[in-house]
Structure formats: structure tokens, C-alpha cells
Amino acid sequence: MNRVELQAIAQRELDQRQSYRCRLLCCASTPCISSGGTAVQKAMEEAIKANGLNAEVVTVATGCMGPCSRGPMVTVQVQGQPDVIYERVTPEVAEQIVARHAVAGEPVADHVMPSNLPFFTKQTKVVLSNSGLIDPERLEDYIAVGGYSALAHVLREMTPEEVCAEISKSGLRGRGGAGYPTGLKWDLVRKAPGERKYVVANGDEGDPGAYMDRTLMESDPHRVLEGMAIAGYAVGATQGFIYVRGEYPIAAKRLEKAIRAAERRGLLGSRILESTFNFRIDIRIGAGAFVCGEETALMASIMGRRGQPVPRPPYPAQSGLWGCPTLINNVETFGCIVPIIQKGASWFASMGTAKSKGTKIFALAGKVNNTGLIEVPMGITLREIVFDIGDGIPGGRKFKAAQTGGPSGGCIPAEHLDTPVDYESLRALGSIMGSGGLIVMDDQSCMPDVAKFFMEFCMDESCGKCVPCRVGTVQMYRILQRITNGSATLRDLEILEELCEMVRDTSLCGLGQSAPNPVLSTLRYFREEYLQHIQEHRCPAGVCQMTEVPIIELVHRPIARAAAASPVAS
Amino acid sequence: MPPTPTKERTPRAEKGHPSGDPRFQLIDRTLKRLQYQQDALIEVLHTAQEAFGFLAEDLLIYIARQLKLPLSWVYGVATFYHFFSLKPQGEHNCIVCMGTACYVKRAAEIVAALQAEFGVEAGHTTPDGKFTLLTARCLGSCGLAPVLVLDGEVLARETPESTVSKVRARLAGAAATNGHGASVAQPALQEVEAV
Amino acid sequence: MAVITLTINDELVSGREGDTLLTLMREKGIEVPTLCHLDGLSPRGGCRLCLVEVQGSNRLVPACITPAQEGMSIVTHSERLIKYRRMILELLFSERNHICAVCVMNGRCELQAEAAAIGMDHVRYDYLTPQLPIDASHQRFAVDHNRCILCTRCVRVCDEVEGAHTWDVMGRGVNSRVITDLNQPWGTSKSCTSCGKCVQVCPTGALHLKGSTVAEMRKDRDFLRWILDGREKKQWILRNGGQESGR
Amino acid sequence: MTPVPTKRAPAAKANEPTARKVRLATVWLGGCSGCHMSFLDLDEKLIELAELAELVYSPIADAKEFPENVDVTLVEGAVANVDNLELALKIRERSKVVVSFGDCAVTGNVPSMRNWLPVDDLLTQVYREGPGSVPRGAEADGIVPALLPRVVPLHHVIPVDAFIPGCPPDPDRIWTAVSALLRGEPVLLDEKMRKFG
């Protein structure tokens, strides 16, 4: 395949689209499938057949459209008319959509989601621009919207140095959470001496409450592959790995299919687009270990070992997979590459804040009316996300905190709702951008309990290599357990804070270093709540059971030996 | 290859050769595809778990031999990742998502209700081998919280009561249709809590 | 080999390129506690006791694994470091059942000695008191998991020096445990050569000779020096222009 | 049994009207009394001690109730049951300086080895299923003090001012610590004297 053929495929595909008067896009992402999306598409196909519309109406299984809690979602595209988005579509509604909207052009009003909702208008789709509009399982769909033209452009017109410079100029920073400048990283790997180099896409999205990477891999797999191939060209690698979390079977299947299709068309593999550039991509499936999101642990896992981090330096850019220079970027970071090449670094840099450019995808969840996947320009305020896009808290309850960054992040209280969302501002608040999970909590959430939840996570996911993380997380968890069951003392709180600092400063990898963040941030903003648990022996949110007492109070209290009464021992 | 092995028997690898259990061929195919590279251990374990439902000792020995890896190395890797299970799973299983969004929407109460109703701790199987209760880190369906997966079927916006009654129905159904020998369910989404 | 100069605790120190900070500190007589590190085995950086401060960076680095660099300035005994070392030892004592009074290594245990040296005279954290087995199925040796601090010296010596790789670690986090072969009784291990190297390098009473009782166990690590010196000089490798077998 | 007569000497001397002596107490909680044995091994130093201190409460003296206004209390043993706990709280209230005396008080040591087992299982295994039998409900009737869910070191229930590790601490260690305390100085044990076990 060469550039001309690529354009020909795109044209043919567009022509074919034109031949249909109406296209019914059905979301086939995990959440919509879970809510019955497959049956909806089937019902539509049957209705098309029944109405004899095979030649003019077609259904397309697409990626995510965003408002996951309102699924299954369907978008109706009628030629010459604006797209109409339907929510909560059942097979019955699907039939009506075909019968009324597709045939007569009159929308089924009950299920239409108004397109002027802030949920849509406040978003800027860059990485997700194809998501929900193309069939992720068809390479031609991707090519029709300009797919692989960025790779073709890079291979023909740009040197590797120029690619790295362009990415640097865009101001793109790592979307995995830490925010390291992507262009700088690419350049480091490019300059690193070595015959063999590797490119790794980190799709081990382990943060609970985050599914941006999965959605991108499910909805637009070729974009990730194209981004990786451009990276491969820029750094001089011929082999890439995409590490997919084990819990994402659909993403893995679509990526596998996408790789095969791209290889068949000469868009991956040897002599890509008739150039001298060779680049293969293999999939590695994770096996359930959060720590593998850490880059050195991820590499250990790709090499088939226990996913334990090793101290850096040496950094992967110098010595990574099998000792070779390795570029590791998050899946979403790779998703930003194609638009940067297509529309230019200055276009990308024109969005966002001074130090955080472009857009960021968040998985909005928790106690908020509109949950789902959103893409917003950097610098948007939390208030806009929660109250405009998210449409506020259900049941008229009070906003209490937004949790970002998962187990490595923190809780941001109401007084900071007007903070712009960018790497530095969130860090200053004691949280992090993280990979993009954003969980909204109302006054029914107990902050020590939330801290305990995340600490249990870190304790369970600690690899066990370094002492502070292995044992420190258990000790912190124990104290939080005492706080939430009523048996803690003020001394415990003192020890907890001291432990937080120590674990943060002495742990070997990012997991341990950031494990205290949820505790530190809740202590910072909700200390009062901790004190109420300890001193007043009550949980203001009504979550904690508070059934125990501190050990010294056992003097005055008969020790209940429930088990003594019933002969359970055997 | 003799194609009629008994299904119930534990696989036995003699001198690096499959016992004739056709499921070993799946492993051999993966081994060959990955050129017996030691780095491919996790891929091979994935295949093995998919084929057998869990990683029995003999299976681990077979894989270690084929990849020429030390036994303790293979065991260390298999127990590091929560996805791999070294014990057989129940006929039915329920994975409750304990991700943040589900937790905030009180998924812990669902787990507690299932534990109380069926007398099984999370990560364990009932003594009769009928039901395994598992928890997952995050199934990435946060918009539908609380979410759980019952025998591979995703259920959204559950309550403790609705879950208990669905599981009860599932187990009762199993008793009625026990005749066709329910195979070990292989859910699409699974993160097994370790021992 | 290039000579480099750096500052350790305000004192100029010179060393060879590639030396670790720990090597140079020890040459200078500056002692920091170490547990996972053992000369002759590959470095691990897991116990975090040898962490030092590097000026110009707020990240603490493990001296055992960090190569010395020209112009570096490090501090080895700041108040913060001493406090953290103490806390790490407290965590280790709280993790498993280290009842020194009834341990075969009482009086010669490295963990006990580091605690005494640093003045860690009580543990503020909950003792986790896990229920852990003792495996005495091997003819000559036994492993008491209650005393194990997961330094993995046994794993490394078995792999790197003996070449058997009988030992490895199973599980993860606080549930990690050292295992022989398929987590089977040590006495039934097919790969164990019964060389006893693991027993000799173990810093605590976790691995010991059977038959030794409280405070009776002594460990001798001379063998490591002999083997590694010999290996370095290629004493046991056929000089056929062949390749070095070690790693 | 032989050391018993010796112990009466300091107690008797204490009644002599001399310069104000340090009011010293020693307590035996959940432990084997080995630390007290080692204390008695101070031998002739006991005479020196008797000149400086008045032993106001001790398992080797006669007092039944822990007195008020104690200057220094050495506590042997871990906190294992409610009686231990009650006494520990009283000690803290009535003593200026509380010292964890020996490994059981400092770490929980051997008594804490039961901690992996829930108390009820423990009682079942040891008594109900064992050769002897303790009637059910003995604890509730107050015949024996109720066991705490876990055996804990002394400093987990009250603030402790100094620690003398050792199982038992040898007489040198004890003397170094006690003589410092009697002089009103902080306890500074050298590295060799700080070892557990």
C-alpha cells in the first residue's frame, strides 16, 4: 500500500457511505453491551429487513459515545440532517427508531438526548474524535476519516528528529499520570545508543474508576497503533508491545483484529507504506496486578516475570526491555499523536493551560447525574466538570469531594471546585491528574472510609519487594480500620501521619510513594471527620459501624465472646 | 493422538509430553507460536488457565519443563498475578466489582450479603464446589455501578437483595439441570483474588 | 577505570567509576544498616535501610544500588534518615513473629543487631502476628517463615552462585513467601542440591541447620568470597576461548 | 524458692527514717517472672539499691494494692488480660516513671505467640478440648480474668518512659538502667545492652 492507494480506499469508503440515506450507529463498548446494546443492534437490523430498507439504511457497531450510564446509546445519521443521539434504547425503541426516524425522518422524542446539553457542548473531542462514529473493527472506517495519513506523512516528509521536535512543540505530557514531557522522552530514546529499541503502550489501566484507555482501545484501536508506529519511526524502534489489562477482553480482541488488518494492508509490519520502515506490534495481556502500571514492573511483566519494579536509574529510555532503550507511553498519550501530526503542534498547544496542553479524557463516575467518558480541554474547572457536564449531584444532595488519580491521588473538596484541572494545580491540592478517573462523592461518603478503601487497594496490590510499601501499607490500613471501627486513639492518628510521610519518601516505586496520598489529602481537607470518629466515636456520614472501642476501654467493658456461646469449633 | 480422554482426570504430563488430553495441544500451540521463549511464560499461563480453568500442579510442571524454567520461578509468577488461580473454581461464580465508583455506591454491602447468604468468603468457593465468590478491582463499567458479573453475564445497578436472589436462582437452576454436567464457567471478566 | 570524586557528609571522597555509594561509604568507614544487600550477590534495593540523601534532589536513593557519580554530594545520617531507618526496622519486626528469645540466631541475627545498633528498642505498630509454618522436611536444614524478612538473599545465592534456582518468592505484598520448587516441602525438592548456601547467607534465623537450638546457630559466608574470587579469575572455566558461565 | 528470704531485706530497711528514698515498684504482668529472677541476680547490688530506694510494691514484697506516688515502676510482662490492663492503667496514673522491663513488656514476646489464634479458639484448644477442663462461663463469672483479644506490649496501652529489652535482661543491664533511674537520669543502654532476646 502506498499513499495514493490509502486515499483511494478512503474515497471508496466515503462513497459507499453516501449510498446510504441513513446510518444507525450503535455503541458496542463494554458498558453499552452490558446494558443490552447487542440486542438493540440486532432489533434494528431485523426492523431494517422487515421494512425493506436494506439498501438505504445500515447499522454500524461503533465505539463509546460518552454518557455510559444512559446506555445503550444509538446515534442516527440522516443525510443532510444533524446527528441525533438516543439514550436508554431498548429493542422496542430500536424498532421505533427504524420505523419512525429512519423511514419518516421524525425522531422518537422520548429517548432523544438533546445535543445542546453541556455534557456535549463543554467537551472537546480530540483523542476521542472518532469514538462512537466509526466501526472500530473495520480498518476502512478508520482510513475513511483520514486514518494512517499521519503515518504516511511522517514517513515521507519528516525525519525522526523533526517528529520528536513536533511532539515537543505541542507540549504534550504523559497521560498516564506523572505528566513527563512526551517529546523529551521520545528524544531520549531516539538518542540512546542501541541497535534494538522498543516502543511500549501502557494499557494496564489499573486505577479503579478509570476506563479511558479501555474505551480508546475499544473504540479506535487503529489510532493507538498509528501513534505507536509514528513513535517507532521517531525513536528508531522496529518492535512495539501493547500491554492490555487482563480485564479488557474486548479491547484485546479489537486490537488483535486491528493489528492483523493493518499488517495485511502494509500499514504495519515490513516496509510500511512502501518505505524502508519496519514496525511490528504484539499484544501482551496483563494478568491482574496494579503495580504493572509502573513502567519497570510493566517491562518485567512483558518479559514474563513477576511484576516487580526495579530501582531507576537506569531509566527504560537507556535500558528497558531486554536491556534495550525502550519508550513507554500511556495508550492515551499515543492517542494524541495522530491529531498533533495532522493538525500541527501549535494547534494542539493552543488548547489547555500554560504548562498542560491539549485535552484530557476523564471517566466521570460516582454520585453525579451524568456519568460516563468525557474529553475536556486542560484548564477546565472541576465545577464545570461536575456541575455542567456531570449535571450535579443526584437527589439534590451536597457535593463533598472529587477524587482524582485513584489510589495514587486525592480528594478535592468543594472549596477548590474552581481550580483549573491541570497537572500542577491538582498536585498543589495534594492530588494528581492520574490516568483520569474522576469520582464524585456526596455527603453520604465517609472520608476515612474512602481512605481505607484506597489503602486496602494499595496493600493488596503492593508487590512486596520493598519494606515500607509491603508492611507500611498494612500498618496504615490497620490504623484506618481502627479509625473506622471506633477503636482508634489520637496516638494512632499521629503514627498514621508519620507513616504516610515515611512510606512516601522511602518506597521503591510510584505505587508505594503515592499510596499515602488518599490519606494525606483527606486529612488535609477533612481532618475534622477523622477527629469525630476518634474523639466522638461517630461517623458523620453514617457509613462506619463503630462497633469497637479502644483497647484501654476494655477494662470497663465485658469482653463479648460471641463464639463462646455457640459451639462452632470443629 | 487418541481423542478420547476422560474429562474429570487431572492432566498429567509424562516426560514433557501431553497425556493425550487435547487441552494440552492448545498449550503446545501457544508454546510453538511463541517459540518456547522463556519470556512467554505469562502468555502460556493464560492459555493454560483458559483451557483448564485453573493451574494444577502438573500443568505448572509441564509448562516449566517446556520453557526450561525453574519450578519455583513458574510458581512465583503464577501466584504473583491475581488472574491465575491454582484452585478449581465453582460451577457458578459471581464477581463483584469493588472499584471506587461501585464502592461509593456500596458494593461492599453486596459482598457482605453474599457472604452471609452462601457462607463463603470473597475469593473462595463453597465446600460443595457450586459457587465461587470473587471481587474485582474495577470492571470499568463505572457508569453502571454497582456492577457484578454472574457466570459471565454483566449485571448493572445491583442491590444486595437483587443479587442474592439472582444467585440463589442460578444455584437452584443448576441443581435442576445438573444432568448436562455444567462445565467450569469461564467469565470474560475475571480477576481472581489470590488465596 | 576513571576516577571520580564526590562528597559524602561534607568530606571529599574519590572512587572508581561504577562503584556504588555503599562501597565508597564502607571504604570510608561510614556504616549504614543493610539487610537485603550482601557482597557477592546482585543488588536488590528492597529493604530501604541504606537510603541516603542526594543534594539537589528530594528523592532518597538506596546506596547499595546507586552508582557514585562525579560531583555528587550525599548525606548518610540526617535526622530524617535515622528516623526512617528506625521506622523501617519497626515495620520489619511488626511484620512477622520475631521472638528473639526463642530464636536459633539470637545474639547473631542481623535484624536484631541492626535494631540494637540504631537504638530501635520498641515497636509502635501493631504486631501482625501472621500464622506461618516451619518447614523441617529437609534432612539437614529448616526454614522458619516467622523469621523471614524477604530479603531474597537465599533466592539470589541459589540462582546466581549455586545455579539451582530452588528458591523463589510466591504471592505478593505482605503475603509473599519464599518457596522451594512448587511451594512444596523443602525435603521433597528435586532441584535442591542441599549445598546450604541459602542457610549461610540468611541474615536471620529463618534458614537454619536442623538441630541447632536457641542462640546456637552460626553462619559462615567465607564460601562466597572463595567462589566469587575463583569465578572472577576464571579458575574453573576451561580456557577454550569459551564463554564465561556466570552472569 | 531460695531467693525469697533475700527479698525481705530491702522492704524492712525501707521503714528506717533516712533521707527520702526513691519509691520503687516492680510489677509482674503476663510473663514468666524470669525478669524478676534476673533482678534478684543483682546480688550484692541489691544492698546498694536498698539504700537508695524503698520497694513499695512488688511480687516479691507484701503490698496488696498498688500504692500512690510511686517514683519508678518496673513492669515485667505483656498485657494479656483485663487484670493486666487495669493494673497497667493504675500504674501509669500513680507512677512518675514507667519502665518496660524485659522483652514481654517491650515486645509481647512469648505470651504474644497466641495472637494468631482468636481467643475463643485458644480457650477451646487448650482447655475445653484439652485434658483439663475449665467450666464454660468461668470468665464471665469473674473466676478468671478475661483474656484480651490480643496480647500487647505495655506501651500499646500506656505511655512508657524507658525500655529495658532482654529475655531476661541480664543483671548488668538492669543495674545500668535502674541506677540511672534512681539518680534521676535518663536510661542510656549501650548497643550490647539494647538487644532483644
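Going in written order, the chains are labelled A, B, C and D, and every chain counts its residues from 1.
Methods note: a residue touches a chain if its C-beta (ideal position, glycine included) is under 8 Å from a C-beta of that chain, and two chains touch if they have at least 3 such contacts.
Just so you know, these numbers come straight off a predicted model, no measurement behind them.
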Higher-contact pair (C-beta pairs counted), A-C versus C-D: A-C
Inter-centroid spacing, chain C versus chain A (mean Cα positions, whole Å): 39
Distance between chain centroids, defined by C-alpha means - chain C, chain D (Å): 36
Centre-to-centre distance between chain B and chain A (centres being mean Cα positions), rounded to whole Å: 25
Gap in Å, rounded to a whole number, between the CA centres of chain D and chain A: 58
For chain D, residues that touch 2 or more chains besides their own: 152
Residues of chain A whose C-beta touches two or more other chains: 289, 306, 463
Numbers and ranges of chain C residues touching at least 2 other chains: 124, 169, 171-172, 175
Every chain pair in contact, whichever chains are involved: A-B, A-C, A-D, B-C, C-D
In the complex with chain C, residue positions of chain B that touch it: 57, 60-61, 70-76, 79-80, 194-195
Residues of chain C defined as touching chain D within the complex: 93, 97-103, 106-107, 112-113, 115-117, 119, 121-124, 127, 129-131, 215
Touching residues (chain side chain A, partner chain C) in the complex: 289, 291, 306, 310-311, 459-468, 470-475, 478, 495, 498-499, 502, 505-508
Parts of chain D lying in touch with chain A, wherever the complex brings them together: 82, 85-86, 89, 118-121, 123-125, 128-129, 136, 139-140, 146-149, 152, 156-158
Residues of chain B defined as touching chain A within the complex: 37-43, 45-46, 76-77, 80-84, 98-101, 103-105, 136-145, 147, 154, 156, 188-192
